[in-house]
């Protein structure tokens, strides 16, 4: 009873203000208008999406089918599905935060991709003659990728932050992403087509650092909602499967035309298959009676895809891919079993979706795997031209050896982690200001806070009994109110 | 109590006959057999899907990859997903009409696309020498598009009509579509690749006109079922997201090879992102506490895609696309907040899914936006050849100026609306005959009427308690029957 | 009471041991490690996915876009979705076996595709000079196809076997598949691009034979769980629709470049549309009041796609496709109404998903339809080169006539059925050993056996009432335990 009164005190005492009726519309409008202005100043169609293509075609003696659109659009659509359905539905596993999982994912990805087109444009494809950014289908893929970093971070924060905070996470996340990506891809000249480093390691550590700063010691007051029900686990499986199936497209979407895309898809497909078996094995071993845990199946099966993000386009060989998937399925499942509870207990780090095990660690491993595979590259395997082609040993980098490239790849991984941790810590402190409308500790993981939630699932009464039903219902409610007042 | 008796009177009194055991199979069989006969007489493979392709290739000096299949098949599959999963699941939001939402959508789309292949073939691609229609992948896309008009109309009628009525709606809908499309695209020589006019404005007003004629003054007798539950909203989000993600494919599926498809995809992608932010903003502003409403997120976020249906292939510029999405997200959300209730109260127009706000108005706006963008086109932006290429200023239309084209585009929009309103009113009157098996006013939005519905969700009892449980259940039922009799 | 005691006796008496904590991890690890070793020995990239492509391109005077990746990758991704989401979600219809439906499907497909790459490689594409198997995107499609056979078999076994048994089913299923496919495609030189014979007839009869051997006379002890609930039917519709929408890609994924893929997609699209209407018609006719049955809509609508697996790439004509879909929709729905109950009652054959009606019979019919269409082929329809191209009348088979080809196609169908029946019977007997951890008769169709299942759906209590609620709950549980002990 004492405990009950304490909680009642919490309830009626000074509550956190979760009203975002001013802040959320304000942020959306101001940022969307800023996007319109900046797009107006900077963004134009590139030569393959501009009406001048008909002239360009003649001048360059190419045909319509050689437009980059036909090389990349199918992969783009798969990536798009991963971002919105894959990440979105993967986060619907909580029993009463499915609206927030898929809905806020939708909101921040839609904002993030606009800001990403600008940020990535400024860093990677600003034409200094005209001062414009020229976009095509590859820009759209990169924008989706850039969002992925922030969506991964959302996984660590799921249920504990307000939509306004998520917009801030995304604004800074996309900005940091563009900078670290510029350093890693352009300055260090790393290869990272599927983003083990720039997307997963960065996004994972970014989210973890924010979550660490926003640690809630009394989060167990929301414990009753921090879990799944049968059907919310099924919705999450939609997310898992679309991520799993389309990961070959993710890792091959922006690799080189021809063998680059072909090989990246094959390697990722193989690694993912291997992850599934070892995830099932460890999950079964860890439970009394050998029962499988949906959390592992929903997440650790994807670790092979994350870890192949860098190496997929290299000649890692099919059995090499199998080994990567094999190990990462094990490591990721162990993470869910032991590391997440450890982090929460000893490092004060609450990681709702376990992004540490699915993105941070496999991403970091993927970066180092890429470094090793790059360092081991030689002309007998790649051919002379193939080596130049795969690693872009051209221009300033014409004399770089595979060994040196491996070193830079490893350095790039460290850069991405550092950006994630430092950037996340700073953003975390910004989010501690009491102005963002985040929920109280006993109010987390609850859609009621930010959504109009419809009535619960219940047996729909037949028409004749409906009035009676309503009467009974009101009686019940009065009685329960009464008993609450009495208690 | 008086009310209760009145309802009981309704219930036991002269009921509408919703038995479709004769009419539904009859319609399906007769129409399907008619399709077989007509396909036998008229439909053949075109040169790119015929076994003579191997000869054609040599004669025309093209390679396999230049077969239109490789330009359009990925987009076709995306459109196909939008029609069956997108529209289908978007209509599962009602708590007890999910079977009807996705199932009848499936039925009428599968019929509609066959009839569309014929109708569009007769109007657009009948070879007058041979009297045959030659089909390829573009025909399949157009057939899916043609169905979309009728599926949009279904949105306004959801839960209030029988499957037989829906088959009639589709038969006439596809027919009217083919005629208005012929007038708009061929006679007026409008451009409307994503169908703002021919699909959305037409389909929306077609459905609204039917719904207006079929007005049910006592529909509030089914009010208890006219709403969502938590998980039905999640199923609807599957529909929303697949529509949202694949809309760039919808608007680019039949545009010109090369820059046409490329630009249309980019513009639609950008406009949709912008719609999401303004929808969230208005939805949050409109509710006490700033809570978001799933109805808005499920629908108004798509308005940008609808409104870009005509202009997506033009040089509307990326920031122009953002502005279109920005405005349409606002307008559509306002529609759900104010216009739908207004229409229901004052114009006697019941619009279950709010197609007025998602299709009719954004489609109409999209038509006029297209007109404006077309009128503003000039050679400095498009290049001389680009202008001819984009607007097909060839043959009879070689001398048409962009300004004139804009005028015709606007005229086309009016034609589509007129077809929708007049056609819908006529079809509505046909559907008023008391022979179609539609549900009574207190029986709407209920899958029980047309589907074998399985038992409700409930705690599945463990094996040992199952017998006891069944005994208790029967007792409960007897008791509740008893209490009903007493009351 | 007697019945109750008997069941209690079952319950506390010698129970089947369903603990797979040793066997499942052991099988996963051993087989995955075997895969790594065998991939290391045998599997390499083919010339289109190897880094030497840049050299190959020059030598063969081709461009990047002519890499097979761009011909087949979009279709591959559609097939991939069918295997994991299509088959997976189609099997979620049971009220309490959704985890097992989608989860075990995931597990066995991920294992099966690895084993398939090896088995199909050894039989079809082993380079005898180097002793290596060279893989590309077409190999991935074929591996997915090969899994499909075992997944179909799983449909007949759903809810009645352990995951370890399913791994055995898949190991043998893939092996048998590769052998029968070698006989049918290579030795008999049949055409079967969409696998009516090699996938559907084989997989269907394979599963039925296993299920027949594993007949459980007391399966009605699990009757309470052998059915759907409202939302599990909705999840199953996700599977149905993705199978239905992407079946054109399934049947066209490995057909000839150009017209072959184009025509196969068109024919399948048309046949499937026709199936939907006749399924609805028969389903409605069969029920009192004309109500539709979700079982039919979820399954029989797909029969047209199965039956077009062989003939889709031939010149079957669009109306021929309609007729195939028309008949197979009827036959399949009749199967669910009459043949499945008949098989269970008189042939002791329990077929959970009704694969007999969806795969076995339509697959067999598809084989014979293919035979007839092949036998009817002539040069006036195909052109001389077209005929050679479609049927590969080259090399050893240059002098084969269409009539002879038809005979071989029919023979191939018989081979596939024989392999399914004999192989399934043998595998069934292997699975009867009491070591596999399969569930007891009163424990079937229950996720509790192999999964950690979260708490049930329930009204989530508001924070204030949570403690009270927990107290009440414990009281209820004590009371119910008490009453059980008393009874």
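Labels for the chains are A, B and C, by order of writing; each one numbers its residues from 1.
Here is the rule we use: a residue touches a chain if its C-beta (ideal position, glycine included) is under 8 Å from a C-beta of that chain, and two chains touch if they have at least 3 such contacts.
Chain identities (UniProt): A, B, C = Rh family, C glycoprotein a.
The structure displayed is predicted, hence computed values, not measured ones.
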* chain B-chain C contact: same residues or different, taking over half shared as same? -> different
* To do: Could you report, rounded to a multiple of 5°, the rotation needed to superpose chain A's C-alpha atoms on chain B?
  => 120
* Structure fact -> Between the Cα centroids of chain B and chain C the separation in whole angstrom comes to 31
* Touching two or more other chains, which residues of chain C qualify? -> 65, 70, 74, 96, 231, 238, 456-458
* Provide the residue numbers of chain C that touch chain A in the complex, in ascending order. => 18-25, 28-29, 31-33, 35-37, 39-40, 43-45, 48-55, 57, 63-65, 67-70, 73-74, 77, 80-81, 84-85, 88-89, 92, 96, 98-99, 102-103, 106-107, 110-111, 113-114, 135-137, 140, 163, 231, 235, 238, 437, 449-461, 463-468
* chain B touches which residues of chain C in the complex? -> 3-4, 7-8, 11, 65-66, 70-71, 74-75, 78, 95-96, 221, 224-225, 227-231, 233-234, 237-238, 241-242, 244-246, 248-249, 257-259, 261-263, 265-266, 269-270, 272-274, 276-278, 280-282, 284-285, 287-294, 297, 301, 315, 317-319, 322-323, 326, 381-383, 385-387, 389-390, 442-443, 456-458, 480, 483-484, 487
